[in-house]
Structures are given as structure tokens and as C-alpha cells.
């Protein structure tokens, strides 16, 4: 029997399968080397990178919730220079696509990141985080206003030779509207969702459980919301949609693909099961074989709405 | 030792304690009689009532998700007339406050409901559902636009002699803005959150698990989002805030009270543990006693943000 | 409403077939009020995964104190139930819904498929205990003989005279669908009341057969349920004529007259 | 990186005290690579409640195949672990983080409080096995004598000559804090290396005492952890001088030199 065809294309780049890992949940790839054959993955999206290194928020930074977790890492990262010198050499050798997640607090920072990363070998695309709810400046404003979202997208696209994926915030009234704005701005794809703003309180101390007070909710708990948004956005735009949010099993991944996602990213599940991303790659291949489907394209957008 | 003082006041009405039951999760009260001493509760919010009876959505209407559930009941209800003739006589006798949740698809329908219910004995307040995501007309538009939200509020308030609580939708970019609009419209209180729009797909049949395709997510999964919104709204408005969303245990209730909620509503938890509402009333009393607090007012808004 | 929430104490856990279990528990309030066809909502675990209670028919009551549930492991909740052992406590509430109505019936046939057999055992016991119908025929279907576990004997032991079987693989009785047994074994001269519980296509075939003969038919329906007590309105099914408000399985059922509901 | 994910098979579950358990499992890859002070991330259940893995120190390895975890039931995850029994499998990954560094140390004192004792047993075994320090003093604290379970004997059995105890209620040894034992039992003439693990206030007091004497001190820290493998950046702690990037307990620790981290 023929191997089913798992490849997908986003922004002109071919990925060997639709399973990527979500930014901030997979380190810089190397951390998962003991658990996953990295070259079996469709791609790795690395932790969000800013121009200068960032300390991030003070601890405590994470708290578990029902079926999920809150994080207020605050975009801690090594900064662009150390990312290029320390992380890229390893990432170039892992045998899969590397997408770099970028963030900034001004159009200029996004532009510079786009420009500088376009000159680096070994990168297959940029994922633009316009939605992180953790950092007080930057982030939120871009992702919740269509005009700003379009502006950042345009800034990145005009300064980059790489395919640009814009990562959308779910903390909005109408995510389709933002998706359309970003498409108009030139994005080759959108990915969604980033985390939902949430909070938890320690009733013993009467204090917030996160030093930052609020944080981003992720994990299986948010999957229904993410899936609904992916379905809405897939109908609203023509560019490929990458589905993210609570994907933990092969079935979860299939739900997003059926809803119209061309690819998916595995996030919090990497913490629960460090092999999750590879398990899903294998699970999808088995699903195609078991159902005698020739390729993953027979799944994407296959939802039947009677 | 003195009994701790559990009473709270919303819109000039005194409730014996801050624990209410959420609309649509407690039937018309009677359904829980075998499990709960209804007169021990702070109040009962009944299933949403429209002017005419509504069939609601076709089945399937519910699906379980990680730490939560989706519902697309579609606001099935017996309509105002049968509510008044069949349900009110029982509700008048249960020995606690009865709040009637109302919904309409025009300002006029809300007005009429407010007017007619103001003449009915045995009702302590109205909760105005401007946010239900299940019904294609009505609902959504009111709750996601500040001007419309203000308009419905004003329509209800000017036609009602009862305290008016406006129930907010979480499917918005800035819930504080809606809360302020509703306060300006004359609401005596706001309650939040209603359900978050979500979706689930049956990968075997490739069909949505809900006949309505999308539904409202509720349960412990959404608690962090609800708590964050309650905290934001409590800072944004001067009127009392009623916290709703995933409240299942006494600790959950305390989190909402600490975040600034004057009262809370127990929803999906009633399905998981039919005694949940009463357990929380008893748990709060025990908490006050154990911590030597004289009353629940020493908890409300007690969050310490360093 | 005679409904109760109880911390049932598990007294026995039996594995009847590879995936089929029978749990016996002490829950006197529920047991002493239960009628055949009613169900309970079971909290399968103290945590949030799975979150909701699971509806299970009452397989039988034993004396006034105990009740039995028979279930198939199909997912998380039933897997957790299967892992429970004697001495542990299980929170459940019930008895819920309306059971079968056999007042004044003369010739009764019970048709069960798969786990739909569960409530019929309670019903058979009750029929044999309370009345002496001229006929009580039991027709049971499953995928394989193994899936019946000890049930064939159980029905015999309580005094059912006539039991026929159908299996998908022919390993016991008729090789085919249980609904096909109706025409083989029910004397059309009698005015049968057929009570059926099982997979939807099976019940649909039974209903069709009954309609052809003008027999009365009572069906026990399953839907997703969040509350089981008529509070969530999640368990809606369309009426026979597809008009008017929906029926609610947990309150108006789970047992309906076949013509009350739609067979789509 | 010598890290492994294994389906450890549980070979023994012991209840040492009312809330304290010791789990022995076969996990050869992890066991044969573990060093004292390292930890594992344990998936306490196959479902989503609780969702995240739980970090637990390696209490000891037995041969090259087995490892032991010692834990206190404080919430859902540890309660689930306590309910597991021999024959069941537990998914865990490790060994993680950096352990204690005792290369060339002459006089070593281990100070453990509560569950902080867990990794120190492994450490004591290793010290006695690999080197012959002139001194190895063990100081253990708990709320009551019962909480120690069989540990006092266990430490004796492996050849620790000098063990002193402190309990909050005076039921064993010194009535008071374990940190107070340092000045009672450590000869200031020696150049001690103190290794400590336990509640934050206890370690803070130990660090202060060491600083007063100019003794080296290594501390094992606990924070909330989502991944345990340096991917989530959740386990941040401020550096000793409060400046620069945060340290990450799962990667830079859990064992740190006391002066590396801030004592707020």
C-alpha cells in the first residue's frame, strides 16, 4: 500500500506534514530531542523572539486550571542576536521546517526583526505574534484592532523575503474581521488562536496566583473556542489557516483540519505528553491509511454542515 | 459564636446570601427540589423567558468538552404566559429570591417582558440576557455593541419597576466597555459571564457535534476567563457585579467574591453535583466562621494586588 | 418527585464479557423507588474529567436496598466505572424519568439489543412478579454470543419461558438482526405490546414491524444528557409529527410510545 | 541530554505515614542515569484532571533498574499517585535538572525538612558509596515523629553515623526548627558543605546560618513547573543580585548554590 501523502503548502513552502509545534511550548526544539524525532515533525515554531533580550514577568508565572493552564511568562527570550548565534546552528540541522515567532512593541521593531531574520539561513517562515496578552506594552493593541493588525502585517511583509504567518488573538469580538485585515495586509497565512486572557486567585493569601495578575489560558479547556474561531476564519479568508488551541490527540488535530485548517500547532500538550507532536504525526498517517484516503488534503476543510 | 452575616444587597434588594443559580442550569427551581433546600439559597435565576414560547434548536444540543460542555439549547422556553401561570405559583413559595432571566429579539420584546413581569408578584428582579450566542437573531448584536447594549438596558429599565441586572457576553474585545455602557443605560447590576462561543466536530461523521454547529461553552474550563472579566468589570463600574462561569466549589465562589463580585451564580456545576449551590452556601458560611470573619462583606473585593 | 442523591456503596463488580460490567450497589432510597425503564445519573469520578454524570438504566433492584447497573465500556466515564471495586462509593441520583407502562397488557414482548438489554431484565422481573400475562417473550440481540455474558441464563432463572437470540455473527441463535425475530416468534393472533431498547436502527426496525401488525410499541430512547432532571433541556427529541415543542428524554421518557416520537 | 520517557512499572507502593507514600518502580533508563538531586516529571493520570505532570525528586535508585519516589498527598495529582498499585504503569520522564555537587567536599551536612528529605536519602547513599568524607551529618525536620515514617532507620541502615531530628511538636528530637540543629551539631572547626531541601522558610534559615559561618550551602528549590525540561520558562526564580535574566529551576537547578538565588 502507498504511503499517504501528508505534505501541505503554506506561503509557497512545502511542509512534510501538517503538524507543527506552538511557540513557547517547545523551547528552541533541542529541549524535546530526547522525546521526539524532530525531523518527523512538519515544523517547529520557536519561542517568540524580540530585538533585545527580555526578562519576562516575575514568578509565579504559571498555574494549572481545569483542563488547562495560565501562563504569564511575559515573553522572556534571549533576543535576536543570541537567537541567531546560539539557536539557529542547531535548528538548521534538525531536518524540518523552522518558523520563527517574532514580537515587538513598535512597527519598527517588527520591521527590523523581519529584515534581519530574512537574511538568516535555515528559516522557513515568520510567525508574527500580534496577540500576546502578557506584556503590558505591545501585543494587545496590535491584535485587537483591525487597522493596527493590518499595519503590522504590512510592515513585516514589506521587509521580509520569508512567508509571513500572522498569529491572531482570540480576545476579540470578531476574529474574522482581524483575519481579513491581516490578509489585506499581505499575510501568507494566519495562525490561531493565541491564549485567552484569564486569571486565578489564591483564596488563602487573597492574592493573584500569577505575579502579573492575568495570564494566557491554554490547553484542552480552550479547544472548543479555538475550533470555532478556526472554522469562522477559514470561511472568511482565502489564505491558509493554521489551527492552534488545546490540540492534544490525533482526533483533536483532525477536528481542526476538518474545520478548514491547513496545518495545526501542538502547544500545551507538549508538557502533558512530550511525545504529543510525534504521536499526532503518526496518528494522522494511520488515520489516512485506515480510511483509505490518499492524502491529508482529503481531510482539510472536509466538515459537512448539513 | 455568632452566625456570620451572609446577606448582600443588589439593586436595593436584600439576598440572604450571595449564592444564586444560573439561568438555564436550574430549570424553574422545582427540578432541584429533591436535592437542594431551595430556601437556603440566596436566589434562583430561572431559565430565560421570551414573549412567545420557543422551540429552541434541533438536537443534538449538548456535547461534553474538556472540563466543560457546549450547549446549543437555543433558548427553548415556555413563553411568558405559561411562565406566569405555571411556574410563578411554585416559585412564590420557595422562600428565596426569584430573578427572571429575559430575552428578546427586539427592543420592544424586552420592553414588553419588563413591563409585564413588573406586574407579577413574587419576582425580585430581572436578569436581561443580551448575550446568548445560540439564537441566530437577537442576542449577539445587543451584547457585543456598547450602544445597543445601552439601548436594551434603557428600554428594560424605563419599563420596569424591578431591579435590572444585565447579563454580559464574554465574546467581546473589551467587556468593561460594555459594562460601562450598560451602567450608563441604568442597570442596577451586571452579571457575567454568559457562555463563550465554541464548537466540536465528530471526526467519524465529519459533522458538527451540535445541530446548530456552534454552541456556548460553560463549566470549570472557562473559570479563569470569567474570573478575569469579573475582576476587570468590578474595577470599571460602580454597580454590583454578579460573577458567573465555572463556579463549582466554595473556593471558586471565594475567588469571584475576592475579585469584586457581590454575588455569584452556580451554573453547569448543578449538573455535575445537583447539591452544588447549597454546598457552596454552607461552604461560605464555614469559611467565614473558620476565618473569624463577621460577614461576607469582608470577602467581597478583598483581592490584594501587590 | 421521588428522586434522591445517594453515595451508593459498591458491593459487587462483575465483568460479564470483555467490555461489559455489572455493578451492584447499596442505594436504598433509589432502589426502593425505582421502576423498570427508569435510570440514574452516575458521577463516574470526583474530578472534572469526564465532567458530566452518565445516564445508566437500572438493570434491576435487589430487595429494597440494592440496585444493579449493567454497562459497556465505551469511553472515559464507563472505563472509570469499570475500574471501581467493592467498598468504594459512587455518587448517583435517581430514579429518573418514566419507565415502561404495562398496566392491563396481555401479551408482552421485550426486544433488547446490546446494552439496551439492561433495563429489560428489570422489566421482565417486574412482569413476572406482578402479573400473569398469557405471554412474555424476550428477544435479545448482540454482536456475538460472548456479549450476552450470563444474561440468557439470568432471564431463564427468573422464569422467562421463551427467549430467543440473534447475533451479528451467528454465534448464538438467529444469524442477523434481532428485529427479524419478531415475525418469527410472535403469533400475529395476539395483541402484542412490544417494549424495546437498543441501538436506534434496531428500534426503528422493531417499530416498523409493530406498525405493520398494529402492535403497540414502547421504546426507550438514549440522547446526550447533561442533567437528567429536566433542567438543561439538552435531551430534546422531535415529536412524532415533527411539530410543536420538543420532547425531553429525561423527563417525558426515556420510555415513549413509539408513535409519540419521530423515526428519522 | 540523557533524558528518557518511560512507562515505569510499579513494583511497590508503601504508605509510610498517614499522608506519605513511597512508590518503587522499574524504569531502567531513568534509574541508571539519575544523580542525587535530580527529579522526574510524572503523569499522574491518563486524563486531563490534573492536566500537567508533577515534579518529584528521585528518592533513591535501586540497582540500575528501579527508582523510588517519596511524596506527600497534598492535592489531586499526589492523591492519584497514592491510589496506584503494583503492576500498574506510570508514565514519567527524566532524570531532569542538576543535582548536588559534592566533588572534593570534606565535611557534608544534609538538612531536610518535610518532603525535602526525599532527595537527601539518595544523596546520603551516594556520599557513603562513592567517597569517605570525614563527616556526614544528617539533620531532619518534620511536624511530628510520625511524618518521618521509617526514614530515621533507613538513614541508619545505609551507614549514616550521625542523624539528628527536630519536630514542631517535640515528638522526636529537638522541639523546634531543624535549622536550629546546625549550631548544635556542626563543629565550626570544619569547613562544612551544607545541602538542604525543604520548605522555603526552613532553607532560608539554613542559608542564613551557613552564611554566618562561611559554610558552603547548596539548596534544592521548588517552583510550579509545567514542562520540567526548560521549554515553558515557567519555573523562573530571581538571581541572587536580583538582576539579569531569571534562573530556571528545572534546568539551572533544582539544586543551586545558595548565593546564586535571591532569598526574599
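Which chain is which? They are A, B, C and D, in the order written, and residues in each are numbered from 1.
The working rule: a residue touches a chain if its C-beta (ideal position, glycine included) is under 8 Å from a C-beta of that chain, and two chains touch if they have at least 3 such contacts.
Since we're looking at a predicted model, the values are computed, not measured.
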item	value
Furthest chain, CA centroid comparison against chain B	D
Of A-D and A-C, whichever chain pair has more C-beta contact pairs	A-D
Length of the line joining the C-alpha centres of chain B and chain C, rounded to whole Å	36
Averaged-CA centre spacing for the pair chain C and chain A, given as whole angstrom	47
For chain C paired with chain D, centre-to-centre distance based on mean C-alpha positions, whole Å	54
Where chain D touches two or more other chains, by residue	48-49
For chain A, residues contacting two or more additional chains	66-68, 219-220
Contact graph of the chains (line, ring, star, complete, other)	complete
Of chain D, residues touching chain C in the complex	47-49, 76
Residue ranges of chain D touching chain A (in the complex, touch as defined)	1-5, 43, 48-53, 91, 93, 223-227, 229-238, 244-246
Touch list for chain A against partner chain B, complex	65-68, 70, 144, 171-173, 196-201, 203, 205-208, 213-214, 217, 219-225, 227-228, 231, 246, 251, 254-255, 258-259, 302-306
Touch list for chain A against partner chain D, complex	24-27, 31-35, 47, 53, 55-56, 58-64, 66-69, 71, 73, 76, 219-220, 248, 268, 270-275
Touching residues (chain side chain B, partner chain D) in the complex	66-67
